[in-house]
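Please go over the structures that come below.
Same chain, two partners: chain A is paired with chain B first, then with chain C.
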Partner chain A sequence: MRRLRKYGFVAGFLAFPVALYSVFVIGPYVQAFQISFTDWNGYRSKLRYIGFDNFIRLFDDEVFWQALRNHGILLLVLPIVTVVIALFFAFLLNLGGGPRGAGMRGIWGSKFYRVVFFFPQVLAVAVVGVLFKAVYRPDEGGVVNGALIKVGFEPVGWLIEPDLALWSVIAVMIWQAVGFYVVLFSAGMAAIPKDYFEAAALDGAGRIRLFFSITLPLLRDTVQVGWVYLGIAAFDGFALILVLAGNKGEPDGATTILPVEIWKTAFTYSKVGYASAMGVVLFFLTVTFAVLTLRTTRRERIEL
Partner chain B sequence: MAKDTTMSRAAAKARPRTGVLGGLSHVALLIWALLIILPLLWTFLASFKSNAEIFGDALQLPGQLRLDAWGRAWDKAHVGQYMLNTVVVVFFSTSGTMLFGSMAAYVLARYRFVGNRLIYYYFVAGMAFPIFLALGPLFFVVLQLGLLNSHVGLILVYIAYSLPFTVFFLAAFFRTLPDTVAEAAAIDGASHTRAFFQVMLPMAKPGLISITIFNVLGQWNQYLLPLVLLTDNKDKWVITQGIADISTIAGYEADWPGLFAALSMTILPVMIVYIVFQRQIQSGLGAGALK
Partner chain C sequence: MTHPGEITRRELLRRIGLTAVVAGPGAGLLSACATAGSGEEPSSAPASSIAVSADPKNPFGVDATKPLEVTIFSGGYSDAYAKDVHEVIYKRAFPAATIKHNATQQIGTQLRPRFVSGDVPDVVNNSGPEGLDPVALAEEGQLVDLTALFDAPSYDDPSKKVRDTVTPAVLANAVIDDKPLQLGYTVSHRALWYNAQLFADKGWTLPKTWAEFKALGDTAKKEGILLFAYPGQKGPYYQLWNALYTAAKIGGNQVLIDIDNLVDNAWLSGPVKQAVSAWVDIQTNYGDKAYFGLDHTQTQIKQLQNKLLFYPVGSWIENEMAKDKPKDFEYAIAPIPDVTAADKMPYGAIQVGVGENFLVSTKGKNPAGGLEYLRIMLSKEGAKGFTEKTLNLTVVNGAAEGLSLTPGLKSAAKAQDVAGQNIITDARFESWYKEMFDYGTAQINVVMAGRITPEKFCQNMQKKADAIKKDSSVTKQTRSQ
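Then we have the complex of A and B:
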């Protein structure tokens, strides 16, 4: 009787979540793999299998390669720049006050900076996109160009120049991301015992030395987590690019990334089969990235 | 205070590099803070400008305090409607996520039964898939269920896609709770369900708060799913869709102050909530990333 009641309880608690999750999440994912082998357009009731044709076509698709290249740039630049800036600020905020009294302390006003830095993180990406579309405006009405003109420079077409547009988008992503990683790394730094810094400071280590010899090695795990997160965030640049650059990744595909192509192919061109093939590629890229990052950055853990 | 300054002055004398470095640190921090504050402040000020002022010098302050753009954004551009829709959707989807997520996580973390590990990994696997892979099929699943262009459909989809991380996070949390309390509740004659709601859930409060904040933010900011699932009916749109649309329309109708008012209107409430709860939000999101 008691066993029965236990199993009833377990089943009752699991039934709805599992059903909901199966229908809306796992179902579509499984179907996506299936559809990637068809030429389905979203309307026909029967699926026609065409083998690996979609994947073969991807090889000759100029736009696909462009999206992949941009993706590569994002994947490399976004994590590196964000982690470096965030580490720098986190160090200043937590330990920048230098060794004083019992252990290290943060720089004056660190609470205020932390609150301000983190704020962009709570803004919706779509809102940030619209905001920066105005900030980047090519004439003197845009705040960046307005300032440039004031100082006597020519206005710059931040989102219009093909060589510049992707970098302008990446800058916005960094703008939004840094605060989160400052907080993340700060939490990591707070966990480092104060005696380590005291001992090193007694031995005459300066702040720069403290950072590279103590903080960084002891923070490796946190940085690694941050790295994976940023890599995955790079795959999600979708909303920002859609708002800032439209669904063709203007100018002329210079800012397009795989998610944008998937969305456009499925919902504008109704090529659901082809879009699913891109989705499958994206899936394997995401997994490869996560595994590679975790593998290559894994070293022996330093025990505190 | 005075003593403090003399002390730090003495310290600066002893190691002159500290002073310069300290100054540079402040400059760097201040620049980044300005990079964040200025665009937001500029948006806010631009909502009081006239069209001519907006196309003129960007660094000029508004000539007078015009409030009409705010009115237009609220009524004509439906920012009020979009906000209300978003609040309703996020309220129900986050409540649902927390209820079903904690139920599943609790059972998976604390009960032994055949298939437990399997179901746990079934949920956790959802974290590895990019949502874009599911997009096409998801649209047709929702269409066939007759839930397209409805808030109910969007809420159910939000819950479903929030479950993997919520279950993963909360299961880890429930595992750390002591067994003795649940046993005591059982001896006192509490049913499994009652033990869960009245004993275990309150104990898991810190974990629940973190993951609630994580889900509220994630669902409030969601843009992709509503774009796919709420296409036709503008009355049902959420704020992210609305803002992107207002931005497009502003180009045609040349109502730039209206756009900036709409932007300010969406940013301000978020800013107020953030300032009030910033400690919880930062630790909530941080904990979310570290688990």
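Then we have the complex of A and C:
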């Protein structure tokens, strides 16, 4: 009886969120899987099942492979660069000032920098997009090119050269993400007991040694989480790319990504079934990435 | 609206909202809960045609007490023309009826679920970058056959049928799956647009041949003015239109009709290659690659600053830029110069097209009222009211009489007179095969930037056309003229 009351209490609390989650998250997922096996166009009232046809077609779809290639580049570059920069900044902000009194300090003015680093994170993606459209503008009206032209250089087509466009977009993504990970890693560093640093410093470890031998190993879990987040972000980029480069993957498919293709295929080309198949593939890609990352980087926890 | 690729600020914000769902693994799920219960047989399609009676006051037998629901795309034309003009006339005819007016910029997003569930508005202004797919709707029997409307007596003169009061292009534009199912309401004139005042000041005349066009380019270059530019962002379809219309000028409208009909090797025809090559040559020798990174507004502002001479667009440009237009800037239309000495269409040919489509839904509560609403739109009073509110011409003959037209519209009307029978047709694959059109707008940037040759452009487009032709999930359309 007591047990029932206890679990009844818990279940009572859970019922509502679980219901919400089922209706608004699980339900749509299940339906997308269902629709991916049909040729539904978004208008028909009846679903017609066509088996794995949509998935087979994906294999011959150049645009799909182009998108995967771009996601591959994003997946390689975005997490590494963001994590490295964020770790560097977080270290400077929290421990870069070296040991002082009881514990470690950040470099001079670190409180101010911390706020500044976080600024991009506060801006909505659309705002960031519009901002960087102005930065990358290819004529004398652009922030970068205006300066280049004044100094006497040729303007650079940041977003219109096929070899540059994706990198320009990645730069914006990194610029926007770093602030958040600086804060995340700062919180992680604050949780590391000060004694370790003191002990290491007493033994004569410099800042670089402190970072690689104390900070990084003890921050491993946080970095891992950050890595997974950034990996998932590498499968997205929808809003930013839509604002910066439009929905056609211009130039020459350099900025083609799956979320934009899915959205376009479903709602512009009225191929909801095919778009759902892409969505299902994207789902498995993301899940695979997350599981792989967590699996391969797992190890024994360090008890602090 | 006239800018299928344009992202409005509101739409953008909405898309950002979307990302929360699209982001990560959940993409593709936007369609969630969108089907009306799977496995159900489609409800038997209601009669899609309505009989016409002889009563000129109420030819469709509208129930005077039934409410009418109207959904308007509140883009560049806003929705005042419906609210303050057409709906007012409807209320005057049927005082007992209530009108539910709904304005949105997301026609497709808002109405797609309603069409699936069967609770639809009677009249839909299907416009904007997120419009509904009319072909898919037609397939589902969701659209009322407008034959009744075109055969009904016109609002102003019962002795005349509606079909005789509108530009003939309306009837051709209306056809989906061999039936008239959509009503194009506006007329636009597309070719090259320029500043007539600047030409007058400099003493320049319009180039009639490609050689004159280039000579003017050299003259303008000396003054620091660019001969020609189009927006590489959001607006490359302006250049796709321009190239296609040039091809039609060289080889006649059949070139575009073949492309629309997915005729084998239509894209590989001589006129298409010639047109694309001619424009690539202009871009290479007289263009500025910075424009590949500018959107339509940025480019149009540059034209207002007299930094470029010719801009490929339609007559809506004048109203679109009205707020930013300096006083000494006077929009006027210039026909595409002769590319060869033997162009099928003589100098003066321009594209005149109808747009801004309206649909009446079969599953609405008041389809007869919907048809009557369209008949009211096609009345002189309704059309005149539209032109007054939006500064754009309608398909209704003579409806702009007595209105003082803007310089741009005047120039367009004059150009149409000069063109006479030499009217370049529209390329309908833009709405029939959106995927091919989108691909074309991306490819035109690639070829204009010189990254592929015009031959390769034609081959790429032909490959896409072949793929569309083979794709059984795409309903094919045909046209004869």
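Note that in this section the second predicted complex is superposed on the first by the 276 of 304 C-alpha atoms of A that agree within 3 Å, B and C clash if a C-alpha of one lies under 4 Å from a C-alpha of the other, contacts with A are read in each partner's own complex, and residues count from 1 in each chain.
Note that in this section contacts are C-beta pairs under 8 Å (C-beta built on N, C-alpha and C of every residue); 3 or more make two chains touch, one makes a residue touch a chain.
Just so you know, these numbers come straight off a predicted model, no measurement behind them.
Annotation for the three-chain superposition on chain A: chain B and chain C clash. Of the two partner chains, chain C is the only one that A:248 touches; chain B does not reach it. Residue contacts after overlaying the shared chain place A:286 against chain B and chain C alike. When the two structures are aligned on the shared chain, A:211 is found in touch with neither chain B nor chain C. Of the two partner chains placed by the overlay, only chain B lies in contact with A:184; chain C stays clear of it. By the touch criterion defined above, A:266 reaches both chain B and chain C. After overlaying the two complexes on the shared chain, residue contacts for A:16 are found with chain B alone; chain C is out of touch. Of the two partner chains placed around the shared chain by superposition, neither chain B nor chain C is touched by A:197. In the superposed model, A:47 lies in contact with chain C only, and not with chain B. With both structures placed on the common chain, the touch criterion links A:37 to neither chain B nor chain C.
The superposed model places chain C right into chain B at 131-139; the other stretches listed in 23-31, 131-139, 185-193 or 203-211 stay free of clashes.
Chain A residues 25, 27-29, 31-32, 35, 42, 124-126, 137, 139, 141, 235, 238-239, 242-243, 258-259, 262-263, 266-267, 272, 275-276, 279-280, 282-283, 286-287 lie at the interface with chain B in one structure and with chain C in the other.
Interface of chain A with chain B (complex): residues 5-7, 9-10, 12-14, 16-18, 20-21, 23-29, 31-32, 35, 42, 85, 88-89, 92-93, 96, 98, 100, 107-109, 112-127, 129-135, 137, 139-143, 145-147, 150, 175, 178-180, 183-184, 187, 206-207, 222, 225-226, 229, 235, 238-239, 242-243, 258-259, 262-263, 266-267, 272, 275-276, 279-280, 282-283, 286-287, 290. Listing the residues of chain C that touch chain A in their complex gives 5, 7, 12-13, 15-16, 18-19, 22-36, 38-43, 108-109, 112, 115-116, 118, 130, 132-133, 135-137, 139-140, 142, 232-234, 288-294, 298, 434-435, 438, 441-442, 445-446, 449, 451, 473. Residue ranges of chain A in contact with chain C, taken from their complex: 25, 27-29, 31-32, 34-36, 39-47, 124-126, 136-139, 141, 155, 157-160, 162, 232, 235-236, 238-239, 242-243, 246, 248-253, 258-259, 262-264, 266-272, 274-280, 282-283, 286-287. Those residues of chain B lying in contact with chain A across their complex are 11, 15, 17-18, 21-22, 25-26, 28-29, 32-33, 35-40, 42-43, 46, 54-59, 100-101, 103-104, 106-108, 111, 113, 119, 122-123, 126, 128-130, 132-142, 145, 156-157, 159-161, 163-164, 167, 191-193, 196, 217, 220-221, 223-224, 228, 239-241, 243-244, 246-247, 259-260, 263, 266-267, 270-271, 274-275, 278, 281-283, 285-286, 289-290.
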